[in-house]
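In what comes next, subunit A is part of two complexes: it sits with subunit B in the first one and with subunit C in the second one.
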Partner chain A sequence: MEVGQGKVRVDAYAKVCGEAKYTADLEPKNILHGKVLHSEIANGLVKSMDISEAEKVPGVVKVLTCFDVPDCQFPTAGHPWSVEEKHQDICDRRLLNRRVRFYGDDIACVIAEDEVAAQQALRKIKVEYEEYPAIPTVEQAMAEGATPLHPDLRKDNVIVHSHMTMGKADFSFEKALEEAKKEYGEEELVYVEEELDTPRISHCHIELPVSWAYVDNNGKVTVTCSTQIPAIVKLYTAMALGIPTGKVRIIKPYIGGGFGNKQDVLYEPLNAFMSMQVGGRPVRLEISREETIISTRTRHKITGYVRGLAKRDGTILARSLDAYANNGAYASHGHAICANCCTVFKDLYRDRMGTEADGWTVYTSSPTAGAMRAYGIPQSIWFTECLVDDLAKKLGMDPYELRMKNCMEEGFRDPGNGITFRSYGLKQCMEKGAELFHWTEKREKYGHESGMKRRGVGMAIFCYKTGVHPISLETASARMVLNQDGSAQLIMGATEIGQGADTVFTQMAADTSGLRFDEIYIVSTQDTDVTPFDTGAYASRQTYVSGMACKKVAEEFRSRILDYAAYMLNNSVEDISKTIYAKEVSRAEEKLRSQLSLSPKEKILPEMLEIVDSRVVLKEGGEALFPLSILADTAFYSLDRAVHITAEVSNQCKDNTFSSGVCFAEVEVDLPLGLVKILDLVELHDSGIIINRKTAEGQVHGGIAQSIGYALSEDLLVDEKTGRVLNDNLLDFKIPTAMDVPDMRIDFVELEDPTGPYGNKSLGEPPTIAAAPAIRNAVLQATGIGMKVAPMTSQRLIEAFQEGGLL
Partner chain B sequence: MLKIIHVTVNGREREIAVDERESLLDTLRNRLDLSSVKKGCEVGECGACTVLVDGEAIDSCIYLAMWADGKSVMTVEGLKSREGDLSPIQKAFIEEAAVQCGFCTPGIIMSAVEIVGTGKRYTREELRKLISGHLCRCTGYEKILDAVARSVEEHLRGAAD
Partner chain C sequence: MFDIAGFYEARSVDDAVRALSEDENAELINGGTDVLIRVRAGKDAGRALVSVKNIPEIKGVKLLPDESIWIGAGTSFTHITNDPLIMEHLPMLGEAVDMVGGPQIRNMGTMGGNICNGATSADSAASAVSLNTELLLTGPEGERRISIHDFYTGPGRTVRRREEVCTGFLIRKEDYEGWTGKYIKYGKRRAMEIATLGCAVRVKLNGDRSRIEEARLAYGVAAPTPIRCRKAEEKLKNRSLSDPGLLSDFSETALTEVNPRSSWRASREFRMQLISELAKRALSEAVKLSGGEIHA
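What follows is the complex of A and B.
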């Protein structure tokens, strides 16, 4: 069994040697350098541009402006395309935009012989704007009379407003409140209403979203780029350029992290256009850290107005959420993220009367928000978990007990989309985690903290889907190709982005095909000209959805090998006796016939055989017959029956399941300094069977660290007057360093999921969800102050402590 | 205008023509094809471009190539033995599963070389501080710290034997 083992990553050797090639490492010599000019106003129109001085800079090859680009609008979201119009993403962007919608919009670009010339030329472009008021916040963008940013698509700045309920279709929180008062009496009810806020966050993958493009001699514009979604980049690049999809080729080598930012089409189409404008010469487009922070994508700042109603005994009756997502200047993923936030808000708890969730996704003149790890759920869980702890406090109840009493149950099925909790480990995670963390003891111990340093514990639970079915298409493909020595290549359309996909696919293929792990060579690079189709790395889908394709291709490959093995054993006299393997094969045949008591006339069937450890063996008893190397050499070069054994499959997945888990945090709060120190952190995940413990742990550690950043330090600030980003660098936008992350204690509750190819379900994104609210709730126990806004910076904490009379 | 500098890079003496304004990062990547040296911010914030100059870990993106004249520079490409064997630190990073996307890895390994080279033993808290100039968005630093701590211990044990 290869699945379930803590195998060493297949790419670890290359990466510790610095030999793994990323996009920028593959550039040809003498490549041209591209740079983008960004707008210096947040809202308005480019009236004219004077590029004459820029063109004079020595080394400048070409200057292109928003007046030069094709009249094509295209979408950028890393969603599968849809042949149903209502499921298509919004086409609201051009390669370069005349209508400026945020401070940093792309309005022109320069191609030059070297970077310095390109940079100098940028400074010499003169732009004349017609300026409108900046509307970077949701309030500003939704205010009466606000300029619509995309009047061709939306009459105002609301991209979508959705309304969903749990319980009756016409459920309303207001009505439930009235009914509950009548039924139980006001004194029997506990009610919480609050405004909660979440931060805009930059993904901060360490590799910038770089690319380089050229037109190949077959006429294809070929872009090598740091993306999670090569197949989608191919389609949307063609759309942006107004050329057939077959004319675009995307190559994705190793990438230095993505976290959802590279689940969007970023500068690849513009880079392709730049090369095409200079006769197909190779052009590199390196986007700086500052540009990445401002002009690619961010996590959505979602503001939530939440209400919760419970009975004194801790039965939650009803909850509601009004969520306002600041989507920035372009639609990118549109309403999908806010809708996801609303869905999970209503799924996580069993409200006896019902739940109501309204979501608004709003265009604003600020950086575009798109996908980021866990896709709206860190916001959703911030809302549910702050609310539930605040209810617990008002009820005087242990937050653990309140969650146990009200959380989603085994067999839960979302009535809206049909997604079902197929293997349920949520309560087991809570039980196991509480024990490991010593929840009850600590909760009691910190019941009455005083002084300037106070300790407390908090927790948060979550659930998460696996892939995007049935909201969107789920499909994946894979190929296996035999080598002459019996080893094989595995070619996946799914992408390695650092999460360890290549390693777990190799384990899966080894497990199912019977080839040895180290004799399966996964091709890490996706090249849309040769790689089978897969939509890419997002939605924690690949181990599940692409894993199904991987399992299917390995089964097919194995069965073709066994067919050939049976042919060899049945023809050991006629055909094989002429070969150098005559002895081994006839001995194997004898062994098999004697073991199974088969007469020489009876046919040997593939079903009698199996592959184990890269050998053909007897299925019954497992006795070795001959190694795959003999079979492969024969299959390649037999003069009687030569066949190149390969397999290729595509697999549409029409299933989904929930994963879940819990985080417990213990903190010490320094009141006058407004500092939160994490003393202990325990996180349990219910992600089905774990394919590779080591890589899974790595995912959980990294996700928790991101959630700690969300809780305490990460906040991309946008000036409300100018729409300008105030902290567009890694010094001022603070992601955790090694000093900010504690040692983490993590574990898994491994229940086999019946829908997962190997009993597995989502794991990539869930670790980013629960630590932030768990820390917030620990601060609540320590200080009695329930923070409403993340991140809980020193400034905010001190203000809240002052307001609460602690300072 | 290009200027000639003399630098020992990974044990080999090199004569290189560089632009005076050029960062050591650009020289190593573009002129010497040492692509392990990664560019993540170009202002000394992320640590991905860390190399050793005369044994000291520096951010090569904010270090002019001219300053390296007459000095010795080491990158991850210089760590393997002549026979191609990995260094103990590289092995520790592999075995402790300290690598994910791998983009920060070469830089942190070079800092680990510096840390191990001091011959001192450090607490986990001290190690946290010593590698805090490197940003990693994938690992939460847990397994990186395991790998660095193991490298330090192995080195000290080796030195004691």
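What follows is the complex of A and C.
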């Protein structure tokens, strides 16, 4: 069994030694350098541009402006394309935009012999604007008379408003409140209503979005780039350029993280255009950190107005959410993220009367929000878990008990999309986690904190889907190709983006094919000219959806090898006797016939055979017959029956399942300085069977670190008057350092999921979700102050402590 | 690639002064941890750089014949922290510069650059102010000495002329002997940080450690330049450590002397809270380092 073992990552040595090749390592000599000019107003129109001085800068090859680009609008979301029009993503962007919609919009670019010349030329471009008022907030963008940012697509700035309910279709919180008052009496009810807020944040992947493009001699524009989604980049690049898809080739080498930012088509189409405009010469386009923060994508700032109603005994009756998502200047993933936030809000708890969730996704003149690890759920869980702890406080109930009593149950099925909790480990996670953390003891110990340093514990639970079926298409492809020595290449359409995909696919393929783990060479690079189709790394889908394709291809590959093995054993006297392997094969045949008591006339069937440890063995008893190296050499070069054994499959997944988990946090709050120190943190994940414990733990550690940043320090600030980003660098945008992240204790509840190819379900994104509200709830126990806004910066904490009379 | 007009590696302080005087577009560079960021951001793009990085005469820490301590302006933070003289006589300064950025920055950045950059948030600045540090500047007309109290003229501005090279810092014996001090850097995270507020407190106790003879208080980011709070210092003169009003008198008086601004990085109110709290904490720690304890 290879699945379940903590194998060392297949790319570990190459990456640690600095030998793994990333996009910028692969560029040719004498490449040209591109730079993008960004708008210095948040809302308006480029009236004219004077590039004459810029063109004079020595080394400048070409200056292109928003007046030079093709008249093509294209989408950028890393969703599978849809052949149904209503499911297509919004085409609202051009390569360079005349209509400026945020401070930092792409309006021109320079191609030069070196970066300095390109940068100098940028400063010499003179732009004349017609300026409209900046509307960077949802409030401003939804105000009466606000300029619509995309009047060709929407009459106002609301991209989508959706309404969903749990319970009756016409359920309304207002009505439920009235009914409950009548049925139970007001004194039997506890009601909480609050405004909760979440920050806009930047992904902060280490490798910047970098690409280089040239036109190959077959006429294809070829872009090597740091992306999670090569197949989608190919399609949308063609669309942006107005050329056939076959004319575009995308190559994705190792990438230094993406966290969803690279689940969007970013600057690859513009880079392709730049090369095409200089006769197909290679052009490199590296987007700086500042540009990445401002002009790529962000996590949505979602403001939630929540209400909760419970009976005194802790039975939650009803909840509601009004969620306003600031989507920034372009649609990117559109309403998908806010809708996901609303869906999980209603799924996580079992409200006896019903649940109501309204979501608005709104264009504003601010940086575009798109996908980020956990896709709307950190916001959703901030809303549910603040609300539930505030209810618990009002009820005078242990938050653990309240959650146990009301959380989603085994067998839960979302009536809206049919997604079902196939293997249910949520309560087991809570039980196991509480024990590991000593929840009850700590909760009691910190019940009456006083003084200027106070301690407390808090928790949060979550659920998460696995892939995107049935909301979108789920499909994946894979190929295995035999080598002469019996080893094989595994070629996945799914992408390694640092999460460890290559390693777990190798484990899966080894497990199912019977080849040794170290004799399967996964091809890490995806090249859309040769790699089979997969939509890419997102939605925690790959071990599940692409894992299904991996399993299927390994089965197919194995069965072709066994067919050939049976041929060899049945023809040992004739064909094989002429080969150098005659002795070994006939000895194997004898062994098999005697073991199975087969007469020489009876045919040997593939079903009698198995592959174990890269050897053909007897299925019954497992006796070794001959190594795959003999089989492969024969199959390649037999003068009687030569065949290159390969397998290629495509698999459409029409299934989904929930994963879940819990986080417990213990904090010490230094009141006068507004500092939160995390003393202990325990997180449990219900992600089905864990394919590789080491890489899984890595995922969880990284996710928790991101959630700690979300809780305490990360906040991308946009000036409300100018729409300008204030903290566009890693000094002022505060991701936690190694010094800020405590030791974490993590564990898994491993229940086999019946739909997962190896009993597995989502794990990539879930670790980013629960730590933030768990920390918030720990601060609540410590201080009695329930913070409403993430991140809980020192300044916000001090303000709240002063307001609460603690300082 | 950096957008610079040229790079000149000066052989000596005089050579650097000459090179700076000859080219009006030239700017001094040492570790480059501030200058190169400005070049990259376009602010100082196109400048010619004159490097004093490899001039031995401005590196190191020395005890002078009059027992003043000389710190070469070109001494990296890492070398300051690990210098035996600093560890013995000025541990507060060694610890303060050990809080700058991360290890790589501390290997490149120098105290000369940190002070001459003129930032109120510089980690060495509050300590340097509390130590009555003197700066040595060499220009075309020769060397001049200037007190750090007269050095800053505004945010990012100092009296140093463009063609002057800061060669070192002097701390007199009377400013370190018998004193202990504590610098608290308040940042939003525990490393890779710029100070939201920096607070340096130094004390000199009496023989039986029951009274404060003298105290010093200096802040970074509490005003447009690093500042010293002399009125708060006065309040502690000859004050008993068991005087109940000790801490609050000190911190409340300090609040009357500072002038922090509100920005998106931190509000004035938030900084005022930190100014008050950090004064108390730094004072308590400084007293402890002298073997005393505040019973207020």
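The rule is short, and it goes like this: the second predicted complex is superposed on the first by the 807 of 807 C-alpha atoms of A that agree within 3 Å, B and C clash if a C-alpha of one lies under 4 Å from a C-alpha of the other, contacts with A are read in each partner's own complex, and residues count from 1 in each chain.
In the analysis below, a contact is a pair of C-beta atoms (placed from the backbone, for glycine too) under 8 Å apart; a residue touches a chain by one contact, two chains touch by 3 or more.
Note that the structure is a prediction, hence the values are computed from the model and not measured.
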Q: Go through the superposed model and pick first if A:K734 touches only subunit B, second if only subunit C, both, or neither.
A: second
Q. Between subunit B (first) and subunit C (second), which, if any, makes contact with A:P672: first, second, both or neither?
A. second
Q: For A:G257, decide between first (touching subunit B), second (touching subunit C), both and neither.
A: first
Q.
Contact-wise, after the overlay, does A:L596 reach subunit B, subunit C, both or neither (first, second, both, neither)?
A. neither
Q) Which of the two partners, first being subunit B and second being subunit C, lies in contact with A:V16: first, second, both, or neither? A) first
(Q) Quick check on the superposed pair: does A:L726 touch subunit B, subunit C, both, or neither? Answer first, second, both or neither. (A) second
Q: Please tell me which partner, subunit B or subunit C, touches more residues of subunit A.
A: B
(Q) With both complexes superposed on chain A, which partner does A:I798 reach: first (subunit B), second (subunit C), both or neither? (A) second
Q) Which subunit A residues are contacted by subunit C in one complex and by subunit B in the other? A) 116, 730-731, 736-739
Q. Which residues of subunit B touch subunit A in the complex?
A. 21, 29, 34-43, 45-46, 48, 75-77, 79-80, 86, 90, 93-95, 97, 99-106, 109, 124, 127-129, 131-145
Q) Along subunit A, where are the residues that touch subunit B in the complex? A) 6, 8-9, 11-22, 24-25, 116, 203-208, 254-257, 259, 288-289, 497-500, 694-695, 697-698, 701-706, 729-731, 735-739, 741, 743-744
**Q.** subunit A-touching residues of subunit C, taken from the complex the two chains share
**A.** 1-3, 42, 45, 186, 188-194, 196, 264-267, 269-270, 273-274, 277-278
(Q) So in the complex, the part of subunit A that touches subunit C is made up of which residues? (A) 114-116, 119-120, 123, 672-674, 713, 717, 719, 726-727, 730-732, 734, 736-740, 793-795, 798-799, 802, 807
